[in-house]
């Protein structure tokens, strides 16, 4: 699979031209920042979580992004319903198991969602991905306590069992699918000090999946774009507050030259 | 009706002096940004959505702003209850039908809310306003797919049928009421790349309606102030991230001179 | 009790080193900004509100922060459950009675929560604190209509009745507990123009309570750190938009020297 600065840029141009609708059922903490990141990239975000409408909204969408960060029973039912609709219509599904491993409710809900309708892309940090296969939960709240390469084996199992692409994010992001393993080294150490950039990564996976039929390519493109935008933002930021702002500006202004100059990816 | 830089400024001063309470029942995406815009302008925002308290909170408010952006059944009941209370007490109601036309649930909920208690000001983009009268839904997610002048006829019908002021926002904002038609040309093309600035417009309509007895004047004042603040912010912004921040600073620092120099309004 | 720049700095270093998990059951408006403030300070925030998981999440936490800003019945039940679990495990509880006094629902809910499980630290503005003891509600929405020193007597009553530390925030912040009265004079007049900085104060009380066994010391440390960061941020901000951003940068970059140079505290 060819994944390089040119394939990334081609997808960015497609997103900007088509403005695909990305339907998010996500957590309260990041709704604003995820919507803004999608808009800055060129996609069209919508948030809708009522069981009364999710199946209708999915019909209009280029991708569905499900994020369990502030889950509750009614929302979980809507996530399941939206996923079934997306699956029936062939619309890609991104699942972000925020905090899986921290509580049984999160772990079990994620397992149920995956078992019922396997996502196209499963994206989490190392602790979350490991919690989905391990008997022992290792997650502290929503931050990872494991490094992303220790989660590789868990990711491989999940990918095989459910036929999905798995993205383990961290200092290095790993994208696994069948016999594909892509490593993305872009990003900046200040990024985890901004809340919800993992959720932003999942939202961007949705935008790229809406314009690219290859899930591993879409996931790798999204992680590279977010990592590069984060590096560009960090270079002019005094701390996490300004990083959050500058990241949106960087996504909006992203150029082919910036991607070519900064991309650190092993496909 | 006299609407010019002086009437706008007079209302801004009233808002700053009185800090009217604006009760918002709005969507999760924009709660923070709407509250901050109201505070920056000089109003006092409150968010409260429980059926157990909305009627009590409305009693304290200078205006009620209802926004269906992330609607669900319990919230809709609270919106209906708050609207009845506001109507009974003569408190102005702003209704923002976010995403009407995208799903039947949004379209039908908006129609029900309007039929039950007509709002003082109905503010939406062209697609949303058209969806409320058209048989065919035209909205893609929450972004408009129609231009605001094609929605003028729909706005006229809604205004006549429900006796309310209708504001159709877009590159040009239209404010319609009976024989009044006001056009506001202020704003900046970068503004739609920040999530929820339409919702901010509705929130500001609430602040102006709290100090001005004329709904079309209040709506036009709000649209002009937001458009001018957006222009001032865009002039010093590198992208949508900094625009969102600078817009709040611009609202806070807005002066009579800035309004007089920039206002582009046909009354 | 010794409370000075050195004790504050020692706690900041502990938070940065241990990254205590702060479990927030808070309002929709401030979830993003509270999470970002905790991350900027060095703590690890998590938001979780489902009755299905709050007791499990509390087990992992260094502190529980309950904030009723957008309360509804299911959330209140989860708050009560989480508080019982925290009490049973000896985990400090911070309670922020946002808008108590504005509606009977807020006042009664706060009273019920306090009666059922007294918080370790109760932090509100003057109107809110007074509403919890007064027959007459005085709060307009969520902004205080009383000065913080008029609320001192109410705070003293609450502290005695429930054995908790009470923090009344305002131009001067008061921290009361038994025979302790601490005054913190740090802060900036622009801060109330940013939504939810009172909620941020409560979140930071949680972070400090997670590393300091003395509740009044934790509360005073939190108020001083927020006030100082606010002053530093205001010095380079053009308005409330940039203040919100710069405050996070200031929290992240806070130094022993800045605290020593700016602290205005009477213990």
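Here the chain labels run A, B and C in written order, and each chain numbers its own residues starting at 1.
Here, a contact is a pair of C-beta atoms (placed from the backbone, for glycine too) under 8 Å apart; a residue touches a chain by one contact, two chains touch by 3 or more.
Fair warning: this is a prediction, and the values are worked out from it, not measured in the lab.
Trainee: Please report how far subunit A has to rotate so that its Cα atoms sit on those of subunit B, a copy of the same sequence, as a value between 0 and 180° in steps of 5.
Mentor: Rotation angle between the two copies comes out at 120 degrees.
Trainee: Since subunit B and subunit C are copies that touch, just let me know if over half of their interface numbering is common to both, same, or not, different.
Mentor: Here the answer is different, because the shared fraction of interface numbers falls below one half.
Trainee: Which whole number of Å gives the spacing of the CA centres of subunit B and subunit C?
Mentor: 32
Trainee: For subunit B, which residues are shared contacts with two or more other chains?
Mentor: 28, 32, 244-245
Trainee: Along subunit C, where are the residues that touch subunit B in the complex?
Mentor: So the residues of subunit C in touch with subunit B come to 27-30, 32-33, 69-73, 99, 102-106, 140-143, 192-196, 237-242, 244-245.
Trainee: Touching subunit C in the complex: which residues of subunit B?
Mentor: Per the stated touch rule, the residues are 19, 21, 23, 28, 31-32, 35-36, 39-40, 44-50, 52-53, 56-57, 60-61, 74, 244-253.
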